[in-house]
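Paired with chain B in one complex and with chain C in the other, chain A is shared by the two complexes that follow.
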Partner chain A sequence: MAVYEHGYKPYTGSLTPEWSRFLILPRHAFRDVFRSKFFIAFFALCFLYPLVAAILIYLHHNVNAIALMKLDLRELVPINASFFHAFVTSQCSLGFFLTVLIGPPLISRDLANNALPLYLSRPFTRKEYVVGKMSVILILVSLITWIPGLLLFLLQAYLEGAGWLGQNLRLAGAIFLASLVWIVVLAVMSLAVSAWLKWRVVASGALLAIFFIPSAFGEIVNALFRTRLGHLISLGAIMNSLWRGLFGLFQRQTGQIEGMRNGRIIEITMLEPPLWASWLALALICGLCVLLLMRKVRAYEVVK
Partner chain B sequence: MNPVIELDGLGVVFGKRHILQDLRGTLNGRAIGLLGPNGAGKTTLIHTLLGFHPATHGTARIFGEDITTEARRIRSLVGYMPERDSFIAKMTCVHFVRLMAELSGMPPDAALERAHESLFYVGLGEARYRTLDTYSLGMKQLAKLAQAIVHGPKLIILDEPTNGLDPPTRLRMIRLIREIRDSGEARIMLSSHLLRDVEECCDEILVLKDGRIAANCNLEEERKANRKFIELEMRGDNRAFAEAVGRLGCEYAFTNERRLKLVLPEGVEIRDLYKIAAEREVQIRRLNYKRDSLEDIFLKAMEGGDTMVEATATPSATVAATGGNGNGSL
Partner chain C sequence: MSSTIDSATTAQKGARELPWGLWAQQTFSILSQELRKNFLSRRALLLYLLAALPIFLLFVLAILPPDDDEFQNINGLSLVFSLIYNTLILRAVVFFGCAWVFMNLFRGEVVDRSLHYYFLSPIRREVLVVGKYLSGLVTAIVLFGLTTLASLFMLYFPRFSSESTRYFFEGAGGKQALIYLGITTLACIGYGAIFLIVGLFFRNPIIPALLIYGWEWINFLLPPLLKKASVIHYLHSLMPVPMNEGPFAVMAQPTPAWISVPSLLIFTLIVLVLAGYHTRRMEISYVGD
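Then we have the complex of A and B:
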């Protein structure tokens, strides 16, 4: 079918491996995503914290710099689990806003333009389509979360010298796993929202609402019933517990308050929900999102 | 060689509604026309063949590959042009077609090259860098055709390809379909409720009615069989004329008072009819060779049903209940 021949001819060349075809979607999506100057500016901003953290780690091991600043940086900002936990928390929060920017149009645009039959009439399955769309978020948010996190970890291990890497290997796992869990949750949630809401602004608003409204509701439950179980409906609180758990910083007891029982003032211990409950809540949220997603991602919807 | 499509008791049920029921048959044509009134199950059949809907009963095979077990392989052999507007917003046409080619398994460079080629082939070469949302309806249809053929499939399924097209664009679309058919490199399945489109492109037809096969025949053979099929419009003593041509061995039937259909036997020529007309002082106002019988087949398949089918270019063919001796049918 050459331009000059004007005749129909079949394709006889080589084909790409089937397993790699889902990566076609992020490759084409990035073109669109990086067309926005606002997005590029925000994406660049996301690397500010890793840069500052890298400088801190460097200064930590530079005796001359510490002497020059006349500060005991080692005590002020210790490079430990809390340091990396703070890094992951901050970057994952930025990852959420990044997802709010890029997630909503990923599927809604295809649904609005009836593009799914075109994708699914090719040797390309629904699962590959969803994984391909998820990869857009997975790749971009990975670039600002666990990838710089692990680079910082390696920088610290290099500068600290022998022994530190072996003793703190758990931190590397925690950085990777904590980020990955959050990225998967974000990806699944934003795609589910994108599949059900066609308008970008509404979908972005819905993503923010899903994050903040249950959190506020959970706090009301906590305040009314003097409990911490309200955290189970707050995505932010669930993730915070899981991150703390992964970094070995989780504590169930988060305070004591005074309460009345039988006319007497007593101390009530506030206990966070156990970690297994947080994992379960997260799994339920993800399961629901996947269900919603697979219900909508079809070549044609059969109207009953 | 494997047939293009084999239907083996294929049935599809949505809820309690039987959309397709026990479809059986073998389709071998270079271009297969899928006909039927609205709601007959044409699009559902296409979707089932593509694996969009699971078959509830039976199965079907495309080039010998089973649709239930080899769906992925089948989709690599097939190019599909959907009926409704389908595209990816904010993309240039060449980017869109390239993406579709890559999803079919072509490497990026080859996909880009083929995208350019297929857009030139369908006549969108000059407009290929425009975004799809700026295209007219006709251009969108051509872009859909380009994405369906970009990976060089062995079977191209076209669902209502001429929907909403103006006459020149329709002619262009028909010409492209015929060119692809005549190249012999791909088989075509064309679903349409426009008999004229099917008549111009297809050599085999499958007529669906209420989810069942109402007719399945080879149009080429029908055309050959109907080479001597003539329609006359006359003024004068038509009955006497008819009896005279009957004595020549012609089978005939009146479609109304002034119109006569007849089949010329071997050895009888048109001039014989003029001779008889002159002898009986009958005027032959119009004489048409009825080249094919698609509308006949369709109407017969519908059993005179009240369909929304557009008439073909050939004259109407309501067959009267009289024959060579005045009692048969054609």
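Then we have the complex of A and C:
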């Protein structure tokens, strides 16, 4: 057929519903991510703790097992807020390392190869693009955090009886919310880093540095000024406070230390920053990341 | 028979006439090019920020001095500096800074797709490794050495200017400053060698870097024998003011300086030989980076 005979014909195939278009991105991303054997091994390792936790919950309710072990497991590892807090803390830490592995190349590859116009020239908005990229992290980290967490909660509720579920419903909310907040922070932060640092390795390094260097800085501030305000610049410490708050374990006073002032020994009470300050610090970090992300994710870039 | 003797003589003569002059010249030329990249490229910005972090903290400390007695007399400040140096400068700034500088030496070129220019030029790969390593080393030592000295002076001089002058130029302070500078230099040499090899051998060097960070961080918990398989142990052994590592620390005899320093240097030499050997057979693949 001659070229001039080619007329415009609209696409007649079935359209992906608008609400689910963003899911195209994770579908393709997962194919890439699961090509790495190291990632698969690490991902599998992330389910070790939930498995151990499930066994512990089961043993709690298995009279024969308790009798066999001659240990009072109920006393040793009680299934309460601390148990689920420890679970969320460890799984969210693994979620961070998972994000370091998968997060950095998400946007950087598109930016480095000028592929963004290819996405945005289709019926696909900037928001959908960002949400699609974020959902790669959201889905994968959810699989190792709140989903097994809630399954463990349900297992415990099933074995313990209906009363326990009613009394501890707050814990289910805490597991979900604590994980979700961390996942959103990770997703937003890694996408912002990925958008600004176009090299994968550099972006991964920067993500690690953002986590570890302010933590060291915060600890030094705490040690020098005999305060706990340094925790406000450490992402790990902020999250720890928030998680403790959500599980009802947060205490502002974390101890007393002795110091020398004017030749006299004085007791200094260590007070953690209030929870609202931690929430505010986290909101500021997320806001900054979103701002950075929005500045970079554009259909075209004016190069001077 | 005579031909065997001839070839042996030629080989000996060849060994004597290795072009050391040319190699030195080439090393110097790579060094100057790389130094320009290390100090003036956009990537250096993060390095400057990192190096400025302790100075910023000490600037704040100079403006808002705590009331504690440690800060009220000049003798207490050595403990304060030991804390800052161990926790912030050595474990965070120098570690991450060296990771950044030395991993970028080869990995950065792969990412920029420019390593083949070096490989196509008529220089031995070993010379390239040495030139690049030296450039990273000079960058790290200059930046983090300055950070160490500036931090030390920022801690002392704003509070006790006249005493500090005497302490550093007539008393024990000068020696202490030199020891800290020496430890920073050794840290750059040791970590530099590790990250050079990590950048060469691993396509994604972040995972090994993370493992090394973890290993160095839990060093205080390790049994004495395992402690020796880390850079931080040798650096801690040289500290003029040892830091309390907490109640959970496993105590170990510090390694004497005459073992620590040569150990790190020998380790670096081995790593450089290994890196040279690896680079000699290296083929570039830019796919996936």
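Heads up, the rule we're going with is that the second predicted complex is superposed on the first by the 288 of 304 C-alpha atoms of A that agree within 3 Å, B and C clash if a C-alpha of one lies under 4 Å from a C-alpha of the other, contacts with A are read in each partner's own complex, and residues count from 1 in each chain.
FYI, contacts are C-beta pairs under 8 Å (C-beta built on N, C-alpha and C of every residue); 3 or more make two chains touch, one makes a residue touch a chain.
Given the structure is predicted, the values throughout are model-derived calculations rather than measurements.
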| item | value |
| --- | --- |
| Which superposed partner A:Leu288 touches (first chain B, second chain C, both, neither) | neither |
| A:Leu120 touches, of chain B and chain C: first, second, both or neither? | first |
| Partner chain in contact with A:Arg200 - chain B first, chain C second, else both or neither | second |
| Chain B versus chain C as contact partner of A:Gly7, first or second or both or neither | first |
| Partner chain(s) touched by A:Leu45 [first = chain B, second = chain C, both, neither] | neither |
| First (chain B), second (chain C), both or neither touched by A:Leu249 | neither |
| Which superposed partner A:Val221 touches (first chain B, second chain C, both, neither) | second |
| Intersection of the chain A residues that touch chain B with those that touch chain C | none |
| Chain C residues touching chain A - in the complex, by the definition given at the top | 43, 46, 50, 53, 57, 61, 64, 66-70, 80, 83-84, 87-88, 91-93, 96, 99-100, 103-104, 107-108, 111, 204-207, 209-210, 213, 289 |
| Of chain B, residues touching chain A in the complex | 14-15, 47, 50, 52-53, 72-73, 75-76, 78, 80, 82, 84-90, 95, 99-100, 102-107, 110, 114, 116-118, 120-121, 125, 147, 149, 151-154, 179-180, 183, 185-186 |
| Residues on chain A engaged by chain C in the complex (per definition of touch) | 38, 97, 100-101, 199-202, 204-206, 208-209, 212-213, 216-217, 219-221, 223-226, 259-263 |
| Contact set on chain A toward chain B in their complex | 1-3, 6-16, 18, 21, 24, 28, 32, 109-110, 112-115, 117-125, 298-300, 302, 304 |
